[in-house]
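The block underneath contains the structure these notes are about, expressed in structure tokens.
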Amino acid sequence: MKKYLYFPGCSLKGSGKAYEESFLAVCKALGMDIRELEDWNCCGATAYMSVEETKSYALAGRNLAIAEREDLDVIAPCSACYLVLNKTQKALKENTEIRRKVVNALKAGGLDYKGTVKVRHPLDVLINDVGLEKISKLIKNPVKGLKLAPYYGCQIVRPYATFDDQHDPVTMDKLMKAAGAECVTWPLKTRCCGGSLTGTVPEVGLRLAYIILKEAKKRGAGAIVTLCPLCQFNLDGYQGKIASKYESVDMPVLYFTQVLGLAMGLPGSELGIKRGIISAEAVLAGGGLR
Amino acid sequence: MSEQFEPKIVAFFCNWCTYTAADLAGVSRLKYAPNARVIRVMCSGRVDPQFVLDAFAKGADGVLLGGCHPGDCHYAEGNYKTLRRMRMLTRMLKDMGIYDGRFRLEWISGAEGDKVKSVINDMTKKVRALGPLDLPGKFKNWDKEIEELEAQVNKGDKDKEAVHAG
Amino acid sequence: MTENKSKKETLPRVGFYICHCGSNIASMIDVLEVQKYAAALPGVAVSREYKYMCSDPGQEMIAKDIKEHKLERLVVAACSPNLHEETFRKAAAKGGLNPFFFQMVNIREHAAWVHEDKKSATEKAKDLARAAIARVRFHKSLDKKRVAVDPNVLVVGGGIAGIHAALTLANAGKKVTLVEREATIGGHMAAFDKTFPTLDCAACILTPKMSAVKSHPNITLWTYSEVSKVEGYVGNYKVTVTRKPRFVKEDLCVGCMECIDACVFKEPKFKDKFNQGLGKRKPVYIDFPQATPKVVLVDPETCIQLKTGKCKQPCAAACDRKAFDFNQKAETKELQVGAIVLSTGFKTYDVARSPQYGYGRYPGVYTALEVERLVNASGPTSGEVVLRDGTHPKAVGIIHCVGSRDAKTNKWCSRVCCMYSLKLAHLIKEHSGAEVYNFYIDMRAPGKAYEEFYDKLLGEGVHFIRGRVDEVTDWAMTPEEEGKLVLRVEDTLAGFVRRIPVDMVVLSTGLEPQPDAQEVRRRFNIGCGSEGFFQERHPKLAPVNTFTDGIYIAGACQAPRDIPDTVAQAGAAAAEALSLIDAGFVELEPNTSHIVEEECSGCKTCVPLCPYSAITFDEAKKKATINEVLCKGCGVCAAACPSGSIRQNLFEDDEIFSEIEGVLAK
Amino acid sequence: MLEQKVKYEGDCDKEFAKWVTSQTGGENLRHCIQCGICSATCPLSLYMDYTPRRLINMAREGFKKEVLGSFTIWLCASCYACRVECPKEIQVTDIMYLLKRRAIEEGVYPRRFPIPVLAREFGRMIFMFGRVNETLLVIDLFLRTNWFKFLGMTGLGMNLMRTGRMSLIPETIKNRAELRKVLDALDADEKSKREAVS
């Protein structure tokens, strides 16, 4: 059985706790050998990347350097981390100047990086390494009657991911169907939710989030299922403000790992189901789940 | 600023693909290093390993051989024969101490003007880094050494004779 | 060794000429310096520079010098030999010198145009000149070999290009075989309703030419057939053609179509390829009423008899000519031709590669070819613009450049899309009265009366929005967008993003090379450009010629091209073929190989090397011999001969060794 | 009051245009055919003063003042839609990044976009702890930019508390010294660069 390193990133330790809880629970249930990256630091995230490029490369570089010692694939569930780590990989490979700067900086810290680490997303690993077949076998109570709007957000399939289609990604749909859920087809799968702006330019962020939530509701989804802590936070956390600015949508936003966990018969408490600000209880009950 | 070494590269281009590609590069005004001297042959298969050896012997720092892509040869399969011959030749040259891309075989189709540019630029860069091969010079030195050696030997003999005489 | 030899002999008198080519060469190479340098080289009797060597005065100068200065060799430093070698050989001959006592130096394409430093470019020119002067001494007096040209012609591809080329040749009295892959000739044009910019009906102008092909005494028409093998050389090609089985005897069928009515399938239920799947057909079918030849055929994929052998075969029964033959097998035919015209056409871009436009996901999205059938009076809806769901569109969006001008799909502009989009916009508006929006990046209407056609459309009130559409979705944000297809685009001329709801989307797909273009070009031993279209010999001066003499290209197999240009090119290709045939013979380059018998050790190394089996072994003499008619002059044998007894004219060892020494000697 | 719209060649800065195309990510800028698909696909373009397409053209023509002063670069949410759609493979997102950096350097970014502040606090926090505590970051940010907006956020704060998604204790890494060495080394590198230039 293949071994993996796990890069949580800051969000999964904070507002994205439920993602970490459910992801690790599912890995455990699948018997995956996965270990948290030793003494990892913040990846730099896109906000930082946009103004302090080289530094964020170095931040990501330190994590990659630590991972390289172990010579294992790194799983980064957070979209921002996934993007930044991959972008760093690419920059270090293709841009000699950046490589020089970053590698020297790392040396100063007593670190060394050759550039061999593979940064991967849980979807990629679950579909391509574990395989739908094995997952389907472990589905004890399929979430029948649960109608989901799979929402991938921006930074997973764009621009670096190679494991899914950039215009119409399907990996999460496959997993959710395997879990017994029904997936609505909708065109906003990969449209930005404005998460990175809600904090700084709220009026804009809120509108983008509202558009996503409203369309999901219109398509008859009981809940949105996502794979990005920032998207989850943005779509879940601001529904109060959205209600006052536009209209109340009341749309629970789950992590795909939570739904998968439930279908595999794991208790909701281990999957952080209660951490949603918009409660998913009712919808899940509809899906025959407690 | 010190004059940097400019390698001399002899290039054998097949008429149908690589020579045409070089013409195309010209028509498209692509700019590349002026170090290669093209000798036109009808097919890369006409290139006798002796030509390559002769080029090195006469002072080339690099030899480039360009033909049609496998399967595209104007003469059906000439380039396959080239490939076989040149594999052997490459090993031979290695034994003679000529390697590190001083001899290079490239498939360049008539449409790949840009490849002519990149290949010649790249090869010029690499061979320049390797420095002069200068076989003619080496030959001279070797001749000189041998002459000196002979001279010494002859001298030695004379001394002996002297001793006997004494 | 070569060099000693050259020193012993008294050197032949060489004339060296260097061309300025206006400023093309002179701007990057110090022509005078090279000319002076050459003058001082051993054996050079005359060294001159001139503004345009290829001009008449230039050639005259050479001819005159040869006589006056008793020149024995000629070297011209100018452009590529592919361009002017023949010109200067003729000049040599004019001066009374054997044309092969000439060597050309390429200092334009290979030096002046590709370098930026005048000093090093000039040095390079000197080296190349010195090499040619050293080499030309070893040249021998040669004669071109004449071979007769077979007057028959093969035309491959029965679209408008092939049809026009075949008719032109046949009218000139040549026997033409036209080979078409599909069951009927006509190509893409046969599917169109109207043609831009004149809006005359495609069928009205095409079908007469199609029947002319069928009835022409000089044309043999082989449809449902493909060329499988090509051997030989210019003037003498041997071609093998495979004829697929129609399961109907072509010579017996009169196209009454009784059999189609009789078929066990009472209703047509299979995807109709000719109608882009918008219509249905039976297992026994004919593409369209004017199909040529008007002969039915049976589809082995769907015919019960052919699949299971268990059918009552009412079709065969209904045929009073007894034309059906379910045991028909593919047959191969061979023919001899002197020239070949390739007009294999194009393929349209596969819209599945652009999922963002929703083709296949939203039934309201169509490809341009589908719409051609939809607006076609003889199409599946008899020209009525009805959507797949039976409704009539109130608003239609036409997206230009789908699969064109895009690094992710095809980089090139497909040249015809702007114009056919205008045509479709006009026809859709005319047939349905719908609001029509054209989404374009740049409007390209460069042909005769094309801009006027654009102007006409502007007058008709068609909307033109300059911007590339991002995506087609069913995502509504306002009430009027509900239930519509929404196109999101920046109106780049207004400077803001717009969302435009429509009922029908037309994807103006670009043109691509045929999927099997690579195999075909290998079969005919020609080249393809990097984008995959057939490569012409020269983009301006030899647009229908290829690098293989006697093989010509016409139409969209060479590059995206509209009907007027295609027909013009087909005519040009036919003319090239005619000039080859009517000359009656071709002169082949004398660069063939021969064996110096006394030096041949009889080792047989060369025999298996020749791809044309031109080398045989004379058991009596224990020597190899080369048939110079079969030899194509690659020189592979010469390179391989251990005893060096094989000599390739124009590329003898002496010549090449001296050239090597020439470029290196300083 | 009417504003003059004509631009004179003197109004554009060719050096700036050269600079943009010379940066990593800016390479293909000159190849833009102004098809506008970047604007069409951009979820934020409806708020931008100049659409991405217009910004690209202004940048390559050297209208530095307008480009660096625009909201556009600050509204980019780095969703990379434009980068994926661009038929000329222009790295629009990265161009937005490098324009942001330049705007900060020249101190011309519009005050209402506290992204630079966010970034600075972000950096400070990482330097201190090696990781980022979102709660502290957000509080910090709002206190520095617009504190009554912060009051508006308390509702969300309570919710996060309730669901145990908010902690006020910063996460820290063990080997902070190592990380600081790395970051300092970069600063040093930058400094030496700048000195080399001046």
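Side notes on the structure shown:
Chains here go by letter, A, B, C and D, matching the order in which they are written, and residues are numbered from 1 within each.
Here is the rule we use: contacts are C-beta pairs under 8 Å (C-beta built on N, C-alpha and C of every residue); 3 or more make two chains touch, one makes a residue touch a chain.
Just so you know, these numbers come straight off a predicted model, no measurement behind them.
The greatest centre-to-centre gap from chain B, using C-alpha centroids, is found for A. A summary of chain positions shows that the Cα centroid lying nearest the centre of all protein Cα atoms is that of chain C. Just to note, of A-D and A-C, the chains joined by more C-beta pairs in contact are A-D. Averaged C-alpha coordinates put the centre of chain A at 23 Å from the centre of chain D.
Computed centre separation for the pair chain A/chain B is 56 angstrom, with centres defined by C-alpha atoms. Between the CA-based centres of chain A and chain C the separation comes to 51 Å, rounded to the whole angstrom. The distance from the centre of chain B to the centre of chain C, with each centre set as the mean of the Cα atoms, comes to 37 Å. Of all residues in chain D, none touches two or more other chains. Across the assembly, chain C contributes 356, 471 as residues in contact with two or more other chains. Because contacts link the chains in a way that matches no line, ring, star or complete pattern, their graph is best described as other. Across the whole structure, chains are in contact as follows: A-C, A-D, B-C, C-D.
Contact residues of chain C toward chain D in the complex are 356, 401, 405-408, 441-442, 466-471, 488-492, 495-497. Those residues of chain D whose C-beta lies close enough to touch chain A in the complex are 24, 43-44, 47, 74-81, 83-84, 93, 96-97, 100-101, 104, 112-116, 118-119, 122-123, 126, 130-135, 138, 141, 149, 152, 155-156, 159-160, 162-167, 171, 173-175, 178-179, 181-186, 189-190.
Interface of chain A with chain D (complex): residues 10-11, 13-18, 39-42, 44-55, 58-59, 61-62, 91, 95, 97-98, 101-102, 104-111, 154-155, 158-159, 166, 190-192, 194-197, 199-202, 204, 208, 237-238, 240-241, 274-277.
Interface of chain B with chain C (complex): residues 6, 8, 10, 16-17, 19-20, 22-23, 25-27, 29-32, 34, 37-43, 45-48, 50-51, 54-55, 58-60, 71-72, 74-78, 81, 85, 109-112, 117.
Residues 33-37, 39-42, 45-46, 51, 53-54, 85, 87-89 of chain D are the ones touching chain C in the complex.
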